[in-house]
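Paired with subunit B in one complex and with subunit C in the other, subunit A is shared by the two complexes that follow.
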Partner chain A sequence: MEIQISERVIRVQVVTLSGRFDAFSAPDVRQQTQTLLAAGEKYFVLNLRDLAFMDSAAMAVLVSLLKGARTAGGGVTLVKPKDENALRILLLTKFDRVFKMVEDVDTAMREVINV
Partner chain B sequence: MNQFIRIKLEIPASHRFLNVLSGTLGELLSRVDQVDERDTVTYQLQLAAQEVCTNIVDHAYEGNPDGRIEIHIEVDENAHVLNMTFGDTGVGYETGIPAILTIDEPSEGGMGLFLIRQLVDQVDYQRQGDWNVWKISKKLA
Partner chain C sequence: MRIAIVSTYPPSRGSLNEYAYYFVDHMRQKPEIDEVILLVDELPEGAAYPTPPEHVKIIPAWKFGALDNAMRIRRAVQEVNPDAVLFNVQFATFADTRVAGAVGLTAPALVKQAGYPVVVLLHNIMETVDLSKAGFGANVIMERVTRTAGDMFTRAILSADLVAVTIPKYVEILEAKYGATNVILAPHGSFQDAPPPQFDPNPSVLRIMAFGKFGTYKRVEVMIEAFKLLREQLPGTTLELVIAGTDSPNAAGYLESMKQTYADVPGIVYTGYVAEEDVARIFTEATIVVFPYNSTTGSSGVLHQAGNYARPAVLPDLGDFAELIREEGYTGEFFVPENAASLAEAIRRYWDNPEKRQADSMQNYLSSVGIPISEVVDWYLLHIERLLEARAAKQPS
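== the complex of A and B ==
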């Protein structure tokens, strides 16, 4: 009998955003997440739990990150904003069709590696 | 006490200062009588205004930091309606603003114009001389 034990470590980048995620702050988020992608990271949890406001420029950053992560063989899972109005905008723009959207970071960590 | 409330703002055409408009709308609507689902209506008007201004910054002024945006806000407390007019002297839309009425899934472009139409009751754009004039209107109750 042979026993082989190996360890697999999957790195997940948890990006927590709070406050106002808009056309002013979006370039910074884009730059930081693209840097992570360029460094080889491919699994991302975007924690939007405490987001107070989000516009289309911010949403475009999320879409861009998803494309990059998928191209690298990874994925992006969103933690839903607790603000009902912010969540409503994500649903209005059909984010739930292309992103996994869950209630908390722990669930997101499990989901994102099951892509 | 029902009345017309009018506010005029002129802000730099920069993403950096669009929060000034959001703040003004939030504070204004907190003091307006009879707003149904006040938080939701406020959020929707803040986002629609943000999207119009972002469009002006990115497309009309193409990032030129010297541009200015004139904003007139009017609340008619009798009719329970808020009207906003945005003026800029940047590049105009020759054939009007694109009508993006539906989206199949999120994308990296076009969501702003889609959101504006979804979040308010009326959207109008006109080229008036050297000015682009956007008008949006939303019932408050």
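== the complex of A and C ==
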């Protein structure tokens, strides 16, 4: 009998956002997440739980990150915002059907491992 | 992926042609796209579509005003057999008459029946269109009949797999009124990578510009009356009013009649059709962009362009614009629709205050560059991929 033991490590970038995610803050989030993508990171958890507001400019940043992560063979999982003002844009755009969206970071981590 | 797009496209002068031009140009460059097949309207005799760019095929497949457009479009789709079909339409895309216009709007349902995934980008919805001003309601009874028919055809459009609209309120209206669950918000997007904004705090000419297809809900009479008031109020200033564009397909001869009616007013420039290569110049030469609308039929591509070129916008106090501004971060000075004095005052508020003009121009610029159309195309592609995956999952293995 032969036993082979290997270790598999998946690096996950957990990005936690709070406050307003809009046209004015979106460029900063975009720059930071694109820097991570460029550095080779491809698994992301975006913790949106404490966001107070999100608009379509913010949504565009998430879409751009999802495209980049998928192209690299990874993925993006969202932690659902608690505030309706932040959740609204996800529901209006129906991106709740495109992104994996879960209730907390722990569940999001399990989702990422299942990618 | 091979995608068929049913739309107008330059040099066709039908509405949404410019949107289609930029949308297709970005879509064809996406790595997941093998081919974009444009199913466009037939041009008048003697005119021809240019050689399409790489990964694009142009097939004239319907005719503005014809009654058989829906059937022709379905046949054309079956011939090219794409992976998915996208309609870039508004209520008057297929005709300027009620029957032909409405029958044309059954095309998405027919194409879906033929077995293709269908996405409709609907630039306006009947619920917010002032039919009489849009050229579709000759009297109250006809307007009511048109609206009832509009409800029926809206339901037909909603039979598509996805219906995309550009204003949040439209999603909510369609969900509430029709119980739709397949309506998505997809931003209009800015047409191109915007150049760095240029701002001249002391221009030698107050050049007021309106851009579009005129004669239905975009009318120039009130704007010209406001221009006359400004000429009286600013005797030492060189003023110019640029009316950039052509007649709406529903209002042939309108601008010619305006030229004759206001032949005695100096300083008015009618540009006629504005070619793609001249659009940037027309916007950047304008001091202020005016939206002389008495109602709206949807989101405004012109507002996005004004933002793209960092221009201040003078807007009618109408619901859609207020909604768009709030949701997408634009700003402007408002006037009471169809009130020349109010419009002149709104223009003066910008002209007399260069700091405000600059600040608002910058805000519009930042908002317009927020979501370039290349990213909006990604939104559609993600949804189309989801539709195709769902279909594949349903296929028996």
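Throughout what follows, the second predicted complex is superposed on the first by the 115 of 115 C-alpha atoms of A that agree within 3 Å, B and C clash if a C-alpha of one lies under 4 Å from a C-alpha of the other, contacts with A are read in each partner's own complex, and residues count from 1 in each chain.
The rule we apply is simple: a contact is a pair of C-beta atoms (placed from the backbone, for glycine too) under 8 Å apart; a residue touches a chain by one contact, two chains touch by 3 or more.
On a predicted model such as this, the values are computed, not experimentally measured, just so you know.
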Touched partner set for A:V105, first subunit B, second subunit C, both or neither: neither
Touched partner set for A:T93, first subunit B, second subunit C, both or neither: both
Contacts of A:D55 with subunit B and subunit C, given as first, second, both or neither: both
Touching partner for A:L36 - first (subunit B), second (subunit C), both, neither: neither
Partner chain in contact with A:S64 - subunit B first, subunit C second, else both or neither: both
Subunit B versus subunit C as contact partner of A:D22, first or second or both or neither: both
Partner chain(s) touched by A:A72 [first = subunit B, second = subunit C, both, neither]: neither
Those residues of subunit A which subunit B touches in one complex and subunit C touches in the other: 22-24, 55-57, 60, 63-64, 88-89, 92-95, 97-98
Contact set on subunit B toward subunit A in their complex: 15-16, 18-19, 22, 39-40, 43-44, 46-47, 50-51, 54, 57-58, 103-109, 111-112, 114-115, 118
Residue numbers on subunit A that touch subunit C, as the complex places them: 22-24, 26, 55-57, 60, 63-64, 66-67, 71, 88-89, 92-95, 97-98
Partner subunit B, residues of subunit A touching it in the complex: 20, 22-24, 53, 55-57, 59-60, 62-64, 84-86, 88-89, 92-95, 97-98
Complex contact set, residues of subunit C against subunit A: 31, 162, 168, 171-172, 184-187, 327-329, 366-367, 370-371, 375, 378-379, 382-383, 386
